[in-house]
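Here chain A shows up in two complexes: once beside chain B, once beside chain C.
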Partner chain A sequence: MNSRNRITILLLQAAPYLLFLAILLVFGSLSDRFLSLANFTNIVIQAAPVAILAIGMTFVLLTAEIDLSVGAIMYLTGCILGLYLGGVPWPVGLAVVLIASALLGAVNGVLVAYLGITSFIATLGTLFIGRGIAMSVSNTASVYFPEAITSLNRAAVFGIPSAIVAVAVVFVIAWVLLQQTPFGRQVYAVGQDRDAATKAGLPARRIVFFCFVISGALAGMAGFVSSTQIGAITASYGLQAEFSAIAAAVLGGTSLFGGRGGVKGALFGALLIQTAANGLVIINANPYIYPLVTAGIIFIAVAVDGLRSRMLERLERRFIRPWEIA
Partner chain B sequence: MNTTRRQFTIGALMAAAAGTTPMLVQAQSGKTIAVLFDGLYSEFWVAGMQIIKDEMKKRGYAVLEGISDKDDSKQFEQVRAMIARKVDGIIIVQTDSKAVIPAIRAANRANIPMVHFNRPPAESDAYSVAVVADNQTIAREAVLHSCRTAKQAGGKFKAAILIGNLGDPNAIQRRDGFQEAVSQFSDTIEVVARIPTEWNSDKAFAGLTNALQANPDINFLFTSSDFLIPQITQALKSADKWAPIGDPKHVIFTGFDGFPTAYELMEQKYMDACGVQNLFFETKLAIDAIIQMQEGKKPEKVLLDPGFAITQANMMEKREEMWGYTLLKQKKSG
Partner chain C sequence: MHNLAPWIARNRWVWSLIGVLILWAILSVITDRVSLHSLSGVATSASFLVLAALGQMFVVTTGRGNIDLSIASVIALSAFVGLIVIGGSDGRIALGLLAVLGIGLAVGVANAILVVLFRIPAMIATLATGYVLATATLIANRSIAGAVASPALAFVAGGKVGGVPVMFLIALAAVALSSLVLGKLAYGRALSATGQNARAARLAGVRTGRVTATAFVISSTLAALDGALLSAYVGGAFLEMGAPYLLQSVGAVVLGGSLIFGGSSTAVGTLFGCILLVLIVTTMQIAGLPPGTQDIVQGVVIIGVLALAGRPVLRRIARAGPAGARAAGAQ
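The block that comes next holds the complex of A and B.
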């Protein structure tokens, strides 16, 4: 690889970080309250649900699959929590939510990994089914959470807000699982080339199945953290949450084509999106600008991902004629 | 991700079956009315659907229901299905004001009356009747009360508004009503945060929390819908600004819609005023219009619900007209 290509690759890899820096500089110059510790804490707290969702989505994207049902899982488990677990201590409620959401993730896993249904179609189906069940059990009315749940939003562990603790715990577990265990290596291998991984003796189906279970469980966790913040959910809850999660994961460098990325990037992507949203409110921007800015950020991320993939593919190609190597 | 045709077909059928299943209730006899909502996303729509169904049944109609989940093409299919079933009228809540026009034309061709409930269609030569609330006036009147309260309290006020979906004409009219009111009190009230929520509770919570972070002295708040009250409560509690009227920390709070929770907050003195859509009147207008059209009459294309503002001052005399209060009373009486 010559120096020009190396610089281009480095720039493409650094693009999301440069974007983040630009956002900090722009909003920081427009408001003196933006670059403060209190505001950064606020950003992390608000990004927590999307970050957790994006971490789960990263596992699925790494295997070159997609999970469109995470928003529906958030809504359904939120209904279970609000309607049936109002009187139980919150750790019990959280445990039930995690088990239920992992089971919903397992349904996706079976459909995709064992029945061979395309993940886009399978999870689109479970999205509708999940939302349908949730709307039916809640009668589409608002579901309110008890004070025991909503007060967690104001709780802290050693002075650290509970939402930040939750996202930190999820991040550490996910990072260790993905970077420090054989399972993590297998996830990358399956995502890069499933046929080759299967031929090498890796249990590709089982790995894909567990990635969907993890995605489901973390959707439940994201829903729980979000429930502590917003106090009540309606039938529109979790709508399009899957897109925020995918955008955060891709912004952080996880490829839609599988095999590349990680949970660090997902966390970064969620923070990037939330930082932009926070900055727009802080400078009292015109509300019509919000979707343009968000879409612009996502567009840049996806374009960079495409460019990087094409560039790497070109550099890894074997050339017969020496002058073709640029 | 190689997929065989069989696998794709199974998956596609599963998704299609799950996504397009309307809740249909078989008509038994006599006249039939179709009630097609784009979703039941808040208590307002749940209550609206229930009141229409109850009233139609009382008048001897069988009711067919359909929910399109904000999918315009699915709703158009539902309209066509209802036309094929030869219903005697359609009450519809569409998602997009323009996308509904082909459905209106189809109903016109089949000579089936169509009434839009609470959301108007875009202008066209197709004929249908829309029952709409005078959102701008209702919002303006409710916010004006809060502005006067602020003026009486003295000092400067910093205001925030939670705006609905920018593609929803109702949300825009409510925003404009708020703007009209506060602009009359520009010496007292400065709008420091305009928060687009897209009718999404997560975004509303995050946006208001951000606004309170940037402007900890926000003390005047308008929400374009009462369904965001739980998120507002959480954000204000976190900012230590959840206090009743009379407390120095109180944020002058104006709602819109007339939800049961809004009435409770007014009773507990956390909310100062609320713009109320007269749901009972709107359902009566819609049903009367359908019946008139069946009789060959041609009502005006837009029928207006003037609504009203309920305030701390007129609460006791106006609450009987507030649908949220009525529902709350029914709930309490079992």
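The block that comes next holds the complex of A and C.
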């Protein structure tokens, strides 16, 4: 491989990080408050719910499926938490939320893995159903969370804010599960080539099923974290959260077509979007340009990723593992 | 009668028609208020969904999981722009429609460039263009001051000819035209070929990039027209105006029997899919069920129809190979 190709690939590979660096430099030069530890802590706290959602979504995307129902799961389990679990200690509330959301994820899993309904449609259906149930139990009124839940927002473990602890715990568990266990390797195998994985003896259906359970449970977790932050939810809560999660995961290099990506990317993607949003707030930018900047970041990151995979594809015709040569 | 099963497999829109008839029967039983008046209300609401869903159908047909998530934002923006440009006077309708068509074309071309040229997955690309459009809508929202719809456009959107809503006639014409394009025109054939196997289509000389790009332009243009008509119908515009059309358009397409993987679509089915979804909402409202119930039923119906109708067809295609896919192909 000639050195020009090598440099191009290295550049493309590093592009999301360069983008991140550029954002830091631009906002850092515009405001001295931006590059402070306090502000970074803020960014991670604000990004926490989307990061957790995106980590769960990564499991589903890796198997070449998609989960549109995560926003609905957030809303429904939020209603359960606020309406019925007001008096219980928060660990019980969290446990109930996790179990309920894992069950909802299991419903998706059964529909997709065992009944063979396309995940896009099945989870679109459960999105409607989940939001519908949530709207009827809450009567579309605002649901308020008790002090026991909202006080968690100010809680800290060894001085680390609770939301960051939550993201860290979720990330470590998900990373170990995906990178260090047979299950994780099987998830990648199923996503790369489901037929081949099945022929090699992998229980493809069960693996897809569990990925939906994980995505559901983490949607519940994300909902719980954001409940502690906002204190009350309305009928529009969690709307289109699935798209934020997908965008964050894809931004971090996870393919929509399965088999490529990881939870590190999901965390990075969520942080990247939130860092830009936070920077815009700090420099008092016109709120109208927030979505433009978000869209721009997504465009650049995904287009660069597409360039890189096409280049690798081209080089694969001459080299077996071009990314290693690079 | 032994020909019935393959015929149903070829004409998957039958399932959505059956759904419509069953709901219609339920509606007649639970209430005596099913009048021609409420029927035309259903027809009008469905018609607005039909225009958006037909566009969505073209994009879905191109395969590769392509989908147009910018529809909702296009509808909202063109609703605002339509109202602002026309300003309630019939003389400026042409100008307004031109502006709205310009939005549709521009967004469609932008989506096409992102998806075809930059190869960004459609779900991400159209989501991002949606963000951009939402910003434009916010700005339009500031410059609108108590706009009223022009009488002529309001008649097109809400009026009736011989008891039939004009909007429904427009929707029927759009369905007929789409059926013609899908089934009889070279473009429709190229579209199905692209969706079934883009590589084979390309080798066979189909310019798949252009075909896909055209589908995105059709989708945005239809959504833009839909938005202008919708604003004339409700006599105003608001930011969340297009939101319901995002997922309902996808729902209507697959309920109608088009394959979400692309390559095989039916415009007639999309029409019935739209009517089915709107009937569900109407039934729930007439029956006075609590809020949320209509969403639950919509979700159950989407999953149910797909579980019933989708799988045997897919299995048939898998077994029969490309020939089977063609047989189950464009209507």
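Everything below uses one rule, namely that the second predicted complex is superposed on the first by the 314 of 326 C-alpha atoms of A that agree within 3 Å, B and C clash if a C-alpha of one lies under 4 Å from a C-alpha of the other, contacts with A are read in each partner's own complex, and residues count from 1 in each chain.
We adopt the following convention: contacts are C-beta pairs under 8 Å (C-beta built on N, C-alpha and C of every residue); 3 or more make two chains touch, one makes a residue touch a chain.
None of the values given here were measured: they were computed from a predicted structure.
Taken together in the superposed arrangement on chain A, chain B and chain C clash.
Of the two partner chains placed by superposition, chain B and chain C are both touched by A:Asn139. Contacts of A:Leu292 after superposition: chain C is touched, whereas chain B is not reached.
If you count the residues of chain A touched by chain B and by chain C, you find the higher number for B. Shared-chain residue A:Arg314: touches no atom of chain B or chain C. In the overlay built on the shared chain, the residue A:Phe243 is in contact with chain C alone; chain B does not reach it. In the superposed pair of complexes, A:Arg6 makes contact with neither chain B nor chain C. In the superposed model, A:Gln229 lies in contact with chain B only, and not with chain C.
Of the two partner chains placed by superposition, chain B and chain C are both touched by A:Gly125.
With both structures placed on the common chain, the touch criterion links A:Ser31 to chain B but leaves chain C unconnected. Look at A:Thr150: by the touch rule set out above, it reaches chain B but stays clear of chain C.
It is stretch 279-287 of chain C, out of 9-17, 63-71, 189-197 or 279-287, that runs into chain B when the two complexes are superposed. Shared contact residues of chain A with chain B and chain C: 111, 115-118, 121-122, 124-125, 128-129, 131-132, 135, 139-140, 288. Of all residues in chain A, those touching chain C in their complex are 111, 115-118, 120-122, 124-137, 139-140, 243, 246-247, 250, 256-257, 288-289, 291-292, 294-295, 298-299, 302-303, 306, 310.
On the side of chain C, the complex with chain A involves touching residues 65, 67, 69, 114, 118-121, 123-125, 127-129, 131-132, 134-135, 138-139, 247, 250-251, 254, 260-261, 290-300, 302-303, 306-307, 310-311, 314.
Remark: chain B residues 1, 3-4, 7-8, 10-12, 14-15, 18-19, 21, 39-43, 45-46, 69, 163, 166, 191-196, 199-203, 205-207, 209-211, 213-214, 227, 230-231, 233-234, 237-238 touch chain A in the complex. On the side of chain A, the complex with chain B involves touching residues 31, 33-34, 38-39, 42, 45-46, 49, 64-65, 111, 115-119, 121-122, 124-125, 128-129, 131-132, 135, 139-142, 144, 150, 153-154, 226, 229-237, 239, 274, 277-278, 281-282, 284, 286-288, 290.
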